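Alright, structures below, take your time with them.
You will see two complexes here that share chain A, one where it goes with chain B and one where it goes with chain C.
Right after this comes the complex of A and B.
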């Protein structure tokens, strides 16, 4: 009886699975993935803790002001109590995933493609009985799997900290929202992994590919949202232009109707970036954006499905490109 | 008879011309120049939009019989048109400088020419001085391009006239900008010379840049990463708690992105009243000290570079 017959069908190693398992083992062995995950975890934890400390300061200020008003025999209704939604404390952490998570995905993509080139093992691997797309699919599966694992660790750790730090604990609905954010974060970071992976696999010099991937990251993650944010008239004057002019919200909307074209261009620049879609989706799901705070998850997902489609279509499009581009082992020898 | 050029000068000239041939350096430097141009346009566009909003709002307030406040644009110095440049310098300028620094020594290591240079009649000090001089020349060139765009913006835009003091402030901003890029260039040089592998030599300074730009401002002023890249939102007052007070005391002096941000806001006249740098060391002094420390690291790494080994070890 052959060995293959002894292995149940579901465990039969396929080339894709073998390549993926090998890549994951390699990545865990050299501790690179653990180091970058720890870095992202640290950045996210710093964001969570500083946000919580700032909120505690706001609460203390409110309590002191309220006590003063009550001591003076006045009503405490004159001052607005700080709102507390525990998931809102994840804002900084989400922004760190948005920026540093995407940068880490680029590094994982680069290493995934460059490792075989550096060790001159690519040509050897391609002599094995497998199709070239299976090699690429295995590598991509491993990279996205590592990202998913790293993000699960980071978000899981943050959830635990938030549960014990918030004082009121997290419910099933909160955990579901964090799980949804995790899934979208995996798809979002996968986009950057795939950009870097494709470039590093096909450009002559892998180190040049890494720098080009960083240029893409700069443009999509930092520059496009920054331009959109900077062009927001309310961000031009400290405290906001309308606040300085003492103009109420309904009147602001009326005035801004005359700037529809400007706002369309501004919105277009922001929306050209997958990062902005990720931010809008996660901020809505977690209630970070005030209009979505306390809203059930279902209607939020319906309203945000455009952002969700954008993120997943970007990732799927990049997967298609990665699988479709022909591999040239001669060109991909160590540069 | 003309005197032969010094070894340091030869190294500097050869390294700079070698790096300029690199397509990635050209790509990032090109991006930096384009973004500097965009920053000038953004400043003009955003300010003129606020002015138009004010005119519409003033008409609206007048019609509804409410008092009309003063135009916030009139309170803004013309220099603040360039406020976005400080963000792009902190992002792409710093990253370009890291890559230039890294490539200056990385190309020699990768090409395996160090043993060849080592047998020439020049000391390690001349090699180190040549590399640092090449970096200084390239960073100065980037700074000069940014400066030329800034000057051209103020000369071309109508109805904007700078006073003598404002021109001096602009020169100061360009000097601080060049200094900030030089710090990251020197860190890139040090990491490129000291790291065992090419990738680590690039990743170490990039990690440091990420930490300085996105993590330290959160600790010193509770500033979220996306706020840190908006020139106005980045100038927030830290929460009044003992944690942020001590974080500013301990981390303020090393929070270089904060120092550059506050130095730029001060020089370009967009620092809101009552807001100051979280550090007890003045921002410009922080940047000067950081340049000296980064230069010392670069010098140490370059003078300890093994001239007997050709390539990277791994």
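Right after this comes the complex of A and C.
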């Protein structure tokens, strides 16, 4: 029996793992990717710190008022303890992941494919004893791994800042919510990575693929949610149109019936954007959307499972496409 | 006589209905340095791509080191090394990192040790920790060659290994190929345009023209019949369309 036979299969380096490890090392040496990721982290941090400082002063004001009342021998019940939701401060970070995170994922996907083109490496790999799907699986694993690592760094850093700067410590439930958001953010950015990777691997010109990938990004991330938001009457007037106009609930329903088609179109556009699903889900989990603030995680997850399923199915569908498309070593021989 | 190490059996490839390699049949014995000549677009690279299992033949088949390229591609791959034309590898990785990567894919035990061994063999340990991105063509070609012999293959396929190399580089490559052949018993299948190289290194040659085999013989028989390099060149030119063009002129 050879040595190799004694090592459990789990530990022997498979082509998928070998390729993934190579790709991660390769990408980490790309300063451009590192700089853009640092930029995302920084932008999110600035948004967070500003919010945290404001929250901290609110907390301090409340504490001071309470202390004054108590010192005067009065009951502090007179001022109701305001509800502080530190996780809501992650709103800026979520929006940045939505936009910049997706763009970084596109760059990583492009890089992943471009690094194999015009250098005969695919020809070399495919003349080694491995299967073609293992090449794609290894590359996808590396890209998603990079996104998972980058997002863990960014969200981990933000969590620390939030914990120490907001004046309100984070509890286990908060950490769990952030972990859930991390997982969904990985799946969300993976969609963009995969779109860009597939296009860059299969289109004649990888640079054209990059353009198409960014056109998709523009549509899903910027345009579609805008259309949705602009068309939402609630978004046009602070506090909601109906509330401002003092229209009673039954009348509201009547009015909205007339807008049924309009609503369907708006809904359809929103449904098509994986970004919107990501935003709805994370805003609920983090309590950024007021209706969900203070609601336990379980019911939120149940209510939001549609968004969750949509994001993961999109990612899985794209993985399936990446694995199913036949590789053309000749095309890849050209840069 | 024993089984030939490489046997092509009506090997055919076509692209969009145009035949690039046309029912190629020939045998290459173990231990040979085989030179494959032909004009640009004759079908040499296409033939190597089929023999290395990179592309499936349109029809016909071949056996390499005892395995059928259509039925046992994985077994064929375990026994071959391939240096494509203009091999470049990963720019951001060092030569050693590139090589360890391919050693792992080839299933080599103790990849790092094997890589050092091969770099020593090719006399380029000084390249080990340098990033490939800054390499000259000659350096790249050496790392490409190192990559192909990590797993001690029975057959080495080289696609125009001398293209773009200076005379010094060509000589070093020639010496290496001959060493791999004599010391390690590797059979070499080499596409080339350089007639002078053929005469110096090869033990047998074949000429391909428009996908068809127009000549195949042992080099000693050729030199016995045609004499020196110049005669060899004349033979080659007479077999290719360029040759026919020259006759007209």
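We take it that the second predicted complex is superposed on the first by the 262 of 335 C-alpha atoms of A that agree within 3 Å, B and C clash if a C-alpha of one lies under 4 Å from a C-alpha of the other, contacts with A are read in each partner's own complex, and residues count from 1 in each chain.
Please note the rule applied: a residue touches a chain if its C-beta (ideal position, glycine included) is under 8 Å from a C-beta of that chain, and two chains touch if they have at least 3 such contacts.
Bear in mind the structure is a predicted one, so any value in this text is a computation, not a measurement.
K.L.:
Kindly classify A:115 by the partners it touches after superposition: chain B alone (first), chain C alone (second), both, or neither?
P.N.:
second
K.L.:
Of the two partner chains, chain B (first) and chain C (second), which one does A:22 touch, if any: first, second, both, or neither?
P.N.:
second
K.L.:
Examine A:276 and indicate which partner it touches, taking first as chain B and second as chain C; both and neither are also allowed.
P.N.:
neither
K.L.:
Which of the two, chain B or chain C, is in touch with more residues of chain A?
P.N.:
B
K.L.:
Applying the touch criterion given at the start, work out whether A:223 contacts chain B, chain C, both or neither, answering first, second, both or neither.
P.N.:
first
K.L.:
Would you check which partner chain A:51 touches, where first means chain B only, second means chain C only, and both and neither mean what they say?
P.N.:
first
K.L.:
So, does A:177 touch the first partner chain B, the second partner chain C, both, or neither?
P.N.:
Touch status of A:177: no partner.
K.L.:
Could you please specify the touching residues of chain C with respect to chain A in the complex?
P.N.:
For this pair, the touching residues of chain C are 49, 52-55, 74, 77-78, 80, 82, 84-93, 97, 101-102, 104-107, 109, 147.
K.L.:
Which residues, counting only chain B, touch chain A once they are in their complex?
P.N.:
That would be residues 23-24, 27-28, 31, 35, 38, 42, 45-47, 49-50, 52-54, 56-57, 60-61, 66, 69, 72, 76, 84, 87-88, 91-92, 95, 99, 198-199, 202-203, 206-207, 210, 214-215, 218-219, 222, 224-226, 229-233, 235, 239-241, 243-244, 272 of chain B.
K.L.:
Can you check the complex and tell me which residues of chain A touch chain C?
P.N.:
It is residues 3-4, 13, 15, 18-19, 22, 25-26, 29-30, 115, 118-121, 123-130, 329-330, 333 of chain A that touch chain C.
K.L.:
Under the definition above, what is the set of chain A residues touching chain B in their complex?
P.N.:
Spelled out, the residues of chain A in touch with chain B are 39, 42-43, 46-47, 50-51, 53-54, 56-58, 61, 91-92, 95-96, 98-100, 103, 107, 110-111, 114, 207-208, 210-212, 214-215, 218-219, 222-223, 225-227, 229-231, 233, 235-238, 241-242, 244-247, 251, 254-256, 258-259, 262, 279.
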